[in-house]
Structure formats: structure tokens, C-alpha cells
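Both complexes shown next keep chain A, but they swap its partner, so chain B is in the first and chain C is in the second.
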Partner chain A sequence: MNTEITDSVHTVDTVSKGAFDVDWRKIGRLGGILAIGLVFIALVGMPVGLDGRLLIDPILSLGYLSLLWLPLIVGYSVGREVVLEGMAETKKGARDVVAGAAVGGLGGLGLSVLLVLVDNLDLRDPLVNWSPQLVEFLSFGSGLAFGFAAWIVIGVAIGGVGGLLHVLPGRGATAFVGAVLTVMLVAIFESFLTDVVDQLEFLYDNTGGLKVVWAVVLAVLAVAVALSGGFEKVSASRTAYQTRTGPGKARQTSMLVGIAFVALIVIPMVTGKVTQELLANVGIFLLLALGLNIVVGLAGILDLGYVAFFAVGGYTSAVLTSPNRGPQWPSWVPTLDGPGGWAIALVVTVLFASLVGLCIGAPVIRMRGDYLAIVTLGFGEIIRLLFLSDWLGGYFNGSQGITKIPSADFGTFEVKGTDPRSVFYLALAFAALSIYVSWRLERSRIGRAWMAVREDESVAEAMGINTVNLKLMAFVVGAALASFAGAIFSAKVGSVFPTSFEILVSIIILVIVIVGGMGNIVGVIVGSVVLVGVLGGPKQPGLLQEFSQYKLLIYGALLIWMMLQRPEGLVPNVRRTRELHQDEFLQDSWLRGEVDRDEAESVDAGDQLAGGMSS
Partner chain B sequence: MTAAVRAKSAPKTNIDRFLVVIKVVLIGVIAIGLLAFIAQQLAPDNTFAQWTHDGQEAQRLSWPQYRGLIVTGISQGAMYGLIALGYSMVYGVLGFINFAHGEVFMVGAFTGFIMANKLDEAGWWEGGMFIPAIILTIVVCALVSTATAVVMERIAYRPLRGSPRLIPLITSIGISFFIQNAVILLFGPGAKGYPSNPDWLEESIPGVGIEVKKLLVICIAAISMAGLWYFVERTKTGKAMRAVAEDKEIASLMGIDVDKTIVTTFAVGGAMAGIAGILWGILFRSVIATTGFLPGVKAFTAAVVGGVGNLGGAMAGGVSIGSAEALGPLMLLEPLGVKGVSQLSDAVSFTALILVLLIKPSGLFGERLSSEDRA
Partner chain C sequence: MTKLLEIDRLSVTFGGLHALKDLDFHVDEGEIVGVIGPNGAGKTTFFNMISGMVTPSSGDIRFEGESLIGLDPNQVAQRGIARTFQNVRLFPNMTILENVMVSQHCRTTQGMFGALFNTRSFRDEEADIRARGEEILGFFGTRLIGYRLEQPASVLSYANRRRLEIARAMAARPKLLLLDEPVAGMNPKESEELTTLIGKLRSEWGFTIVMIEHDMGVVRDVSDRVVVLDHGETLAQGSFEDVSNHPEVIEAYLGRPVEKRR
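Moving on, here comes the complex of A and B:
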């Protein structure tokens, strides 16, 4: 919980402490956590699996990077202290470096011990990554003793650098972080950058790693930009935009939206197939996430069976357009595979999915939050089981799925899977439509009612809101948006199988909405671009194709971390943030003298009571 | 019309009418299925049975088949009941559903797999040595699952105490996802086979016709349940747990360490899930990283059926869900002419969950929750 208070009322002197006057218990705890984390990463197989991918040829591979980033962050965070109002602040100095180095050293020791254990014990039977390759990797191919010492030294060095970031004056820390991030990003996104701009290939070796010379050049460039204040200007203009109000902001916003829209239309024209495919996937998941954002973000209904509507959308449009659907369909269900047929099928699909949403939503909508979550999870699974079953096999072909789904033909404009650019444009058009709709809804009477229901259902009901109808409406709107995505997905892939609609998809969309920021459209866009674009969807590869094996683990870790540290998401919704951090806001305003303390406490207690009552 | 009368009649909205239709349809399907089943038991070639089977003769179930299904149902149900206890206790104390509890069970089953294979290599998993081996395995599984549950509580749930309800729920989904994928990466994605059970375990008891392994599973579950009952009802720690479930603040005023009690709750629930894990291993002899999902949801169903927070109810709910899952497809769906019913047994338990929540949300035996959660 963030108890840091930015607006200080009193000024308190800082005290300096000696270099070794550090909190050893904290160091021990964080060092232990770091060591466990590093050993876990090593045993999960990331270092060995990613070792083949060179980042800076021949110095650094992605495998080593997967172990090196953690000590830096923990080394930095050990020096971070909660500054309490009225308490003396400790001056940053050599003790932070010592603490960082000690923590890093403990972490490195964890890897050294692991190295010795892997070399001497055989646990390969249950643990698949307990292998000679791991020994080879951890000892740098130069013997056990060297590896043992090397990891402790590396840990101390990197942890120390992490601690040093507190001490570096002025723009020094920004320059360091900027340089590291620039080099790493350019190296990691090699395939993407060369796909967009072919001429950039001179930066890289034929192994795909960044050439050492260019790595140095990039680092120097980033340092130069940071030292001249470039990064600060960017963040300053961002803050200026965020704090601005009134018509000026509206003009700026519409300009930004316009630029983004034009960029989105132009980018796929200049990029290669890989990026277009990626953008098409991002578009489909963006549509899904926008729908779930209405359900979870605005109305506060945790729908875990969201994939059911994606599946219904995909299967309905498949049944209506494919000649290869199950044999038992009566003849009055037409096959719309001519020009313009897809559009009719889409309308039917959306109507049908809304109907399914209504039928599923009606029984569950009155249940309390956690029951609803698990029942929708059950529905998501039932629908997949029905599509998979022999019972309905005559309609949906069971595990064979429905294949030969024709491309979406609008007469003049044809969308097919072999041309991901057209899929992207279609998804973009629908996404633009749904963004507009959700934006209008959010600011309408309905949207405000949804937010009221999310914040406190009993109070909302007392205010005269028909909570059941409104929640059901959110559920149905979400279902309709998901069926859009399902229809586009089936036209893109050309086939639908029950395995494309596992619960996993629901969870990943949930992660997108939560990481981006519940209830915030910009957040959802950022979330889907960052997660689906970079890490990849449930089955679709992202920019970091090397990570495809580990992405689900990363999704899970991300979800936990976001909930613990930043439940409002990367791009928070102002109102939602206030809801989630009410205690801190009250505390802050009490310190500023705006609220009477007793009153703040009574409000707080009342809120807890209300939180207990509503469910 | 006075206000009071209107308030009584007001909730009759279209949604209510729709719900009534759903209830009628579901109960109707169940009733027709049962009738068709009775009809085909009486005479497989009667017109009703022929109508549902497109003119083909329906299959009559014999007594050994019944016995097999019922024993299967009860043994699986006992396992679900053990998992359900964890859901129920955590819900009673913290008021939220720990989605990741199914993963605690899976971790138990995985530990059981590792232990069983290591013991099998040492020659303990057969003959007379099996009894001490299985006791050792149960203890280790319970310990590992307990550790998982306690670490989970410390890392993810304790910092979130007092935050809005949705937050710990979403966190638990994240934990479940994380543990599943960590297990896939640590131990490999394939299904892991337990060593084959000793011969005497696979045989049936002569005369009664019940498989020994299923009897063993039921016995282990019953003993664990009895132990838990003693712990919760007769020890001081159990009393503290009940007090915390009733009212955290007043419990802490009475000198109860609430944090410690919550950890104990997670630990005991984890131990039960770990024992259920090894029971899974004995019954199905195979475990995979996604093993925790379906039994987790079914155990949750069992907890709801029995009434959340009600420990005896959880066990009874488990047995009813297990039996419904074993008997439902053959007694309700098969007589209606549904093909491939065994694929739909999971759908049956989900439908049971929805039906119970629609008709009696407080469960068959009633919820035992503190007053503030009941709203």
C-alpha cells in the first residue's frame, strides 16, 4: 500500500547514516526472495531456453538477461523507503549501494548453490530443466568454481548498480535507465524493427543480435538525450496534457485520436506480413477487451465465461457461411457464402449472441459477485463442451470443428485470413465503432448508473436504479461485442474448433483489461497492444516469439502483481482509482487539513460497513 | 394499492418470469429423464423408450452396474468433499472464494505422483509395504499442499485484506493461472502416470463387489473429515477459527490472533486438498497441470450445494455432486436419447450448480456465515 505522501506540510531535516548502518533483516528477507525468484526462473527453463537468442552479439543472450533484470530491480527497491510525514528522512548515500550489493550477492549465492546442486544431484526425473545444459549455462562453460564465484560477483555488481541509482545525481539515473532500456528494446524487438524498416538491418548481426558497436552508439545516444533533458521534456508535456482541462484539452485529445487513427491506417501499409498478422490479432483482442471492459470495468460484473460469447459468435457465423457445417442443419438455415452474405451473417450472429447473453445473464445476474464469477466460468466451459460433444456433433462436427469458412466478402472489399491487413482494417473499423459506443455509454445516464452499481449496489438501488436490468444490459452489450470478435476471428482463421475457445481466453482478456486499467478505454487499448502485441494471445504469437512458452506464466504473474501493486491498471480510470485507494485519499486530505480526522475515520468505517454489506 | 403491497408484488419483472421458465424447463427435463429411465428399467421395449431412442431398444441397467456407479460416485464425491472443505472454511473466515484452491489440490496430486514414483523405485509401492508407503505419501502431500496454501495467503491475500471484494477474487484467478503454468514449465506439459496400484487394491471385495481402492478412498476421506471435525469443534484453535468466522473484530478483542487463525484456516484447508490430491492419484493414476480446474469447480459446487461455510454440508455436497455426476448422464440423459453421455458428465455438475443457485442459493443445509456477509 502506498503511504508515501507527496504534499508535505512540514519540512523535516534529513539524517545521514553510515555506509554499513543498514537494515540487515530487510536485506536478508529481500535477498532470500531474490534468490528464490532467480532459482525459480532458472528451473522454469527460461535461461537455457532463451540462451540461443543473442541480444548483443556475442556478449549477452536473452537467457542471461532473464536472470539479470531481477537483481537490478530488487537492488533498487531495497533502498526505497516509505517516507512518513513528520519522520526524518534518511539521506541517500553509500549505504544504499551497500544494501543493494548485499541483496544482489544473496541472490547470486542462490544461483551458485543451485549450480552446485544441479551438478551433484540428479533430480531430472520430476524437474525437466534440472539438466547438464543448466550447469553449462550457469558455469559459463568454464567450470564449477568459476561459475560459483561469478554469480556472486554478478549479483553484487548488479545489485550495487541498482542501489547506486538512488545516489546518482540529477539526470544520472535517468540516463542509465534510458541507455539500458534503449539498447535492450532495440535488441529484443529486432524482428519487428527490421520488418517495419528493412534498412535497419545494418544494426544487427546475422544471428539477430545487436552489434557491439551499435549497442555502444545507442547507449551513448540515449545518455546524451537524457543529459540534455530530453526525457524530462516528454514527461513534462505528458503531465501538462493530463493536468489541462477545458476546451483546450478536448481539442488536444481529438487531435491525438486523429493522429493515432491515421497512423493505424498507414502503419499496416508499410510493414511486412508478420506485423500485419500481429496487428490483426491485436484488433480482435481489442474488440474482446472492449466488451469485457464494459462488463467488468464499468458494471463491475466479473464474467469469467466471456469466451462463451466469443465461441457463440465464431460458431454462429461459421454455421451461416461455411458449406462444411454439420449435416443435420435443416435446409431453412441458409449458407450465406455469396458477396455481402457475411454482413447478413454478422447481423444474425450479433443478434443471436445477444439472445444467448440474455439467457445466460438472466439467471446469474442476481447472484453475488463471487458466485457469478464461478457460474459464468461454468457456462463458458459448458458451451465449449457442447460444441465438442457427439450429441451436437451433427451440427458442429465435434472436435473436427467447422472448416472452409469463406472470407468475409463485402462485394468491393474482401477480408480473408491470407491477407491479415484486411482483417486488421475490419477489426479496426469495428473497434472504432465499439470505442465510440463505449465512450458514449460511459458518459451517458446508463454508464453513470453502471458505475454506481459497481461502487455500491445497495446505494445505487436506493437511488432508484434498476440494478438487475442495468447489469443484464452490460452483460448483453459485452456479449454482442464478443460475438463481433468471434465472427471476425472465424473469417480470419477460416475454421473454428472447440480448442480455440478455452477458459484460458477469458482469463487473458481479463488480464488485458486489468493491466490496462479497468473502466478506461485508453487503458484497454494500451493493454491489448502491449500484451497481445508483445507477448501474444492464447495461441497467437506476439512480438516476443521466443517467450511463447513462458507467456502464460508471465500473464499469471502480471495479474497477481498488478492486483497487489496497482489494482487500477497502467492507465487508471480516475474514479476507479479513488475507489481503490479511498483510505489513502482520506489520509492525504486529512494531512492537508481538508478533512477533520474524526470525520474521515467515521467515513472510512462507514465505507467498510457498506463494503461488507454489498456483494 | 398500498406501498407495502406494491413492494411485495414489485419484483415480478420479466426477468423473474424468465427465471421461472428456466426452472420449469430444467426441472421438466430432469423429470422426463427420470420417467424415461424408470420406463426403460421396467421394459426396455416400451413405446416411450423407443420414441427417445429412434426406435431402437433402450439398454436396461443391471444391479452390478448401479452398484459400480454409486460406489464410483461416492468415492469421487468424498474427494470433492475434501476439496470443498477448503473453499468452505476460507469463505467462512475471509468471505471470498479462493479460486486457486483447485491448484492446491493439483499440487497435492503432483507431490503424490513424485512420491509414489520414488517409493515405487525403492520397491515400496507394492504388496504389504504399500500401507506404510501410502501413509507416508499422504503426510507429504498434505504438508506440501499446506505449504502452498500458506505461502499463497502470505504473498497474495494478506496484503489485500480490506480491499474491495473483486480484488482478492481476481488475484486468486491469477494465482491459479500462475501455479498451473509454473507446474507445466517445471515438470513438463505431459500427463504424469502414477505407478500401478498393487493387485489387491484393484480387486473387488468378493461377495460385495466393491473395488478395494474405492473403499480405501472413502475410508481415508472419512478419517480426514473426522479429524477435521475434531479439530474445528473440539480444540481451542478450532474455536478461535469459528470465532473469527463469526466476527473478526470481536474475536481480536477477545485476544485471538486473527492473522494466525486465518493462516491456520488456509493450512487446514490445504492439508485436506493435499489428501484429496493423493486420492485422485489412487483413483485415476494420472495427473496433469490442469487437473485442478474441473475438480476445483466441482468442489466449489459441492460447497455451494451443502451451504457455504458449513463443513458437514461440504462433505454431503461432495457426495451428492459425485453421485449426480456418475449417475446423472446414464439416468437422465441416456434415457432421453442423448448420444455420448459420458462426455457430458462435467456439464451435469455445472448444471447442478446453476440449478442449486437458482432454486436454493443458501444450499441444502444452509449457510453458516457471519451476519455481515449474508447481505
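Moving on, here comes the complex of A and C:
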């Protein structure tokens, strides 16, 4: 019966159309969006601000790239359509190129108009970047008329190329995208690559831009790999791994984990300080994200004040180790700054943070959903304000914070901020511990009960699960894991201030979990690497140092895009995906004949469907 | 026979509305009691009250001689009362097996320590939970086992969701099973089959059952005793025949005959 349906649908919509028979409404909409997007980027100041950073010397600067990538993507997406299982895709042709070019042209027109407006009006007061530099940038230094025409032409060209990607035969599109991405990534990650492998410096000239010759060589290499099917092999082996089941998969998984682990131990040994620092930050945020993943991903408690436990961890270990803590501490609170002292302080810290988690959690955990989220948000701020307050100033030094926190000394192995590699190893050890904890708990009676609470709290309660206790347990486990991160953080930085624990930290940890893939450990790892490693943490620079000013903008854009296109995250949890794509999932399993129907009904429904389709 | 569940002058008011009013009710051990009544009669409120989801305004509920008033729903379940819901409420994104595994939570004890260190007792208990889950699912024939075990509950058909919900309640190892319209939405063949299974729930599994049902055929076939509720009050109690001929019951269902106008 299923084949019948697909067959009858196959004949629909495969009629090829003329080059100008395009959906003007869609073009208008996307073109408008593109124009607004480009004008926004221009007014945010990215192009002018990043113009000094040459990517390919002397052709392309990061400033221009910040505008040029958008028409390509929008030009491509005009021609994209959702293809349902069993439906045939519309035949691609010249009209996709025309549509892409038209959209790109509209976007370019937006910039051209902006150029004229900036030149003739003065709106510098509200808009800081409404400046002569922007005119200079947009007109390529060659006059208004040239700039005006140039942006339209550029828009049409790049948008057209975007549309062309649909039409390129065989591996053409892969080759093009591969070449562009390779060159751009090698150019953008200049500082990272040269930090990892010093010898790579020959690729770049002294401005840090990629040399044109090498850009061409890299592009040719990428095209060669793509045309020989190299990228397809990678993605094929990936799907092979994903679809595999049984003991073979378990073996492969443990092998992959092993390789990743060895790589993580070896990489910091060969790289320079910059990368080590980066990895240390990623490690600390990974720890935080793993803890939050238990709270949000497994138990479904939306905790917006997670930073509170990070702060408690940081401050507790600071108080226990620093000689510079507040003067009012009674003398029986020891200063554990000798060898091995940090380890003892850590144990106390974790216990204390768990206690704080229990005290904050106990009264609020009975609340559900949004209410709980708001209350946790409040507690997150309260904790920070307590550390900042004059009232406890005698203990925590208020805004001066606690400084001179000694490094974590284990006798033979010392973890200190000036040696980011050691911090990374310590964070890695604790991350491994957290991963083990989440992995074991997820597959236990407790993990199942958390899942049930997340799915339907009142039913879980009626089925005999003490939801209050279980939610509290998740909250406390999360608090304990966050306090590990706090202790490492304070030992790394050597000081803690209330400003280190602002609400933004909570938000960023949550974004890591959401973007990575809630409820999935691999997702959380990917999320922390991508967000903290590449974009940077709340105060820590990432790989894209140039963008640090625009970090929050990019975070926001990424989050919005994820929510629209891939709400389950980069590496999704199977259940989450099902939940968020229930309709598609049910449709697919229906087409595969996996959805069961009640015996008598199925005959009727089947007949009706088949009858309806054939008529 | 001993009284498993006793309800004394139980009332609940929502605002000014008496959802239940001075309800007296009891269930003997090993009985199947049918609760019927028109829509809005307070049947589901009655269940919600027994399972602890609604707190009564006055009166007492005693289970095995102990009062259930003031207990949380999970404590009620722990004492041995499990229920199903009128509008099926499974855990849709958990697998079918997980649905019956998770409701054994209150009968199992392994905590964080066992899970973290994967102790022998933890592994044994997990294996037990799994085996028991599969056994219970097997009670419904082949529909819920085999490859279905690992599928999410959301792919199930309506009738199978109802079956799984009963299975989930069974897995909580209750003494008293509260079934809220178990055959609603099933076709005659399926409801007949489920009626037989409800009989078996008592004879083979030893559950005492209170069942809300609109299908009079099912009520007639399995209930030892029928209680009729209307506007929160008991209209009649007794065997199906007695109750079905009771004038007030007929009136509640069909309405009062209209006075003939001249």
C-alpha cells in the first residue's frame, strides 16, 4: 500500500519550468531579509571594525567577508525546499540561479541604499557606526556611484553562485563549498594553526593574511579531494557508524572514545600557550555544561541560576586556600595552601556546594516549569549579591574579591594559571568523572525516573515516583559538578570576584547545552568546544578573537537559528529529537510500516487512503 | 472478606461546586467494582482523590485500615494503589519497556551508589525490573513485546496505548488497580478482549479493581458490584441488575419523562 502512495505522488510537481518562472514572492521576502541582515551587520560595525584583519592578502579582509557570506547562503536557500519522504524534488535549473541572483541583488541594493543614506544623512548620534569610515568601506574608496553599482553586482554574483550550487552537476557543489570553506577556515584560524604547528607560518605573510598562492593551492587541493569523493567517504563512514547496532558499534564507540582521549592528552603537549589556554577554558565550561545537562537535559529542571553553584565552588575553595580571604573568618577555618591542601579544600567545597544546592533546592523544587526557572534565576543573582554585599564583606571582601589564591598543589603535580596545560588536564580528569557519572545515572533507575519526571511530572508522581526527592537529587548533583568547575576556576585565575559570576555565565552554559544537544553528552562536549572554544566564554577569548566584541550577537543569532532549524541541538539526543519532531517521526515510522494500527481500523483507513489516492 | 478500601463521608468542593458529596464507598479484597454515572458525575474526581492528586475537603479514605488523607500521590502508589488515566497519559518519548520499568520505581531500592559503581545488586535489580516489565507486557499478547520493546510509546495505536497504560499500572505492583475508562475508544472486538483480560487481572494477578466505565456491556460482564454516581452523590449500589433497574439511575441517564402538555 505504501508503494502505491509514493508512486502516485511521484508524478506531481516534476514539470520543469522556464528560467524566469520563479516565485517572486519568496524572492522578495528573502531578498528583504537579506538586505536587512546586511544593513544590520554593516551598522553593527563588523565590516569597518574587522577591515584591518586581512584574510587573503591583499584581496579579502574579514570585514568584507562578514558581509559576503550572507548572500551566498540566502541565494542558496531560495532554491531549497522541504522534500517529504515519497515526494519528488522539483527539477533544478536556470530558475534557481535567477532566483539566487535576484535575492542577492536585492540584498546588495540594501547596502547600496545604505551607502547613499550614510553619505547624505547624519545619524551618528544614535548609530555609532553611521560613519564616514562606513562610506569609505562600502564605496571601496572609489566614489559613491562605483560603490552603489558594485554592491548590486556583487550581490547578484554571489547570490547567483548560491543558486548555482543547486545546478552544479555531480560533486561540483561539494567541491565549491569545500574549497571556499577550506580557504576561509585556514585564513580565519591563522593564529590557532600557527600556534599548534609553528611550521605552518609559511602559508601566511606578515599581516597574518593567507598568501594568494597558497589560497589557490588550498582551494585546488580541496576541489581535488571533493572530486575524488573524499568528503563522501567521510560522511558515508559516519552514517555507517550511526546506523550500526549491536556489539560492533559498542566496540567502535569505545575505540573512538579511546582515540579522542589519547588525542586530548597529547594535543596540549605539542601546542602553544594560546591553544592550551583555550582548552583549559573549554574544560572548565565543559564541566559546568555537563552538570547543567543533568539538571536540564535529564531531569528537565530549567535552572537559570546555575552560576550560583559555580560561584559557591569558586568562593569556598578560595576561602579555604587563600591567605587573602576576608578578615572575619574565625581561626578554626584553616588556610590549606600547602601541598595536597587543594584536594582537601575540594572535598569540602563539593560537600558545601551540595549542601547549598540542597538548601536552595528544597524550598523551590516543588515549583514547576517557568516558575522554577524564574526562581532559580533569582537565587543565582542572590548568591552573587551576597558575595558582593557589605554585609558579608568581612568574609568575601565585597567587590575586591578574594585574591592570591594559590595554585592547586598535589605535591608531584601542580596546577596553576600560568600553566594552562595543567589546568586543562585537571579539568579533563573531572570532566571524565562527570561524564562517567552522567552516563551511569542516565542508565539507572534514577535516570529513568528523571526522564519520567521530564515527560509528565504529575503522572510520574502518580506512578509512585517521589518527584520532589528526585528533582532535588538532580539539582544537588548539578551543584556538586558546578562546584568542581568553580574550584578549578579559582585556582586557575588566582582570584575570584563577584563579577566573574554574572547571570551571563548561566545563560552561556545553558546555550552550550541547548546548542550542543540537550541530554546528550557528546552534544554537550561539541557545544562547549564550538561555543567556548571557537567563539569564547563570557570573559574568555575564543579562537575567533576578532569577533570577541560581537560574541553575544553571534551567540544570539546562533541560538535563534538553532531554535528554528535544529531545536534538538548539534548532536541530538534521540528522545529529544523525537519529542521535537514528533510529526515527522510518526510520519516516517508510518511510511516504514512501524506505526501500528488497531486491527479493524487499519483495514478501513487503508482502504480509504488507497481509494483517495488512486482517484 | 476484608475491606481493602473504605471511604467515609467523603466530600470535595471546587469553589462552590460539590464535585463529591458525602460519598460512602468500600471495596473488598478481590472485588471488581464498576463505577458508572453520567458525564460530570464526579467519577474521575473520585479517582483523583483516592490516588492523592486531589485533597478532599472532608471525610476519610482508608486503605488496609490506614488513612490516605494527606499523603502525596507517590506515597499512595507506594501503599499499593495504581491507576490509569481517562485521557491516556503515557511517557510518550520513553520506550514501551521503559514505561513499565519506570513505574516499578517505588518497588525498587537501588540508589546512586549502586548506579555509579555498577554493583552486583544494582545489576541484579535492573535485570529483575526488565524481566518483570517484559512479563507484564506479555500479558497483552504479542502486541507490546518483541521489536516493540525498544520503540517509543508514541508510535502505539490508541488501543495499545490503553493496554500499555494498564501494563504500566500493573508494574507498580499495586493491590488495588484503578482503571479509568479502560475500553474507551476501542472497537467492540477489542473491548471484549480487554474485558476478558480485566477478569484475568483478578484471577491470575490477584489485583482488586475499581473501574470507571461507560460501556455497560463491559461493566455488566466483569463487575461484582456497581456504584452509580451523579452530581457527586451515590445514587445506587449493588449488582448490575439491581442498579440498572433502579428508577433514579434510569432518570439520571435518560432524564425525567416530560409531563405531557395538553
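Throughout what follows, the second predicted complex is superposed on the first by the 568 of 615 C-alpha atoms of A that agree within 3 Å, B and C clash if a C-alpha of one lies under 4 Å from a C-alpha of the other, contacts with A are read in each partner's own complex, and residues count from 1 in each chain.
Note that contacts are C-beta pairs under 8 Å (C-beta built on N, C-alpha and C of every residue); 3 or more make two chains touch, one makes a residue touch a chain.
These numbers were taken from a predicted model, which means no experiment stands behind them.
S.K.: Which partner does A:Ala462 contact after superposing on A: first (chain B), second (chain C), both, neither?
M.R.: second
S.K.: Just to be sure I read the superposition right, which of the two partners does A:Asp122 touch: chain B = first, chain C = second, or both, or neither?
M.R.: neither
S.K.: Figure out whether A:Asp198 sits in contact with chain B (first) or chain C (second), or with both, or with neither.
M.R.: neither
S.K.: Touching A:Glu579 in the superposition: chain B (first), chain C (second), both, neither?
M.R.: both
S.K.: Determine where on chain A the residues touched by chain B overlap those touched by chain C, and list them.
M.R.: Residues 458, 468, 579 of chain A touch both chain B and chain C.
S.K.: Where on chain A is chain C touching in the complex?
M.R.: Against chain C, chain A makes touches at 436-437, 440-441, 443-449, 451-452, 455-456, 458-468, 473, 575-576, 578-579, 582, 585-586, 589, 594-601.
S.K.: Please give the residue numbers of chain B that touch chain A in the complex, ascending.
M.R.: Interface residues on the chain B side: 13, 15, 18-19, 22, 95-97, 99, 114, 117, 155-156, 159-160, 162-171, 173-182, 184-188, 293, 297, 300, 304, 338-341, 343-344, 346-347, 350-351, 353-354, 357-358, 361, 372-373, 375.
S.K.: So in the complex, which bits of chain C are touching chain A?
M.R.: The contact residues of chain C facing chain A are 51-53, 72-74, 77-78, 82-83, 85, 89, 91-94, 98, 101-103, 105-108, 110-112, 114-116, 118, 122, 125-126, 129, 143, 148, 151-152, 154-160, 168-169, 172, 186-187, 189-190.
S.K.: Quick one: which bits of chain A touch chain B in the complex? Just the residue numbers, please.
M.R.: Those residues of chain A that touch chain B are 1, 40, 43-45, 125-129, 300, 302, 304, 359, 362-365, 367, 369-371, 373-375, 377-379, 381-382, 385-386, 388-391, 393, 458, 468-469, 472, 503, 507, 510-511, 514, 549-550, 552-553, 555-560, 563-564, 567, 579-580, 608-609, 611-615.
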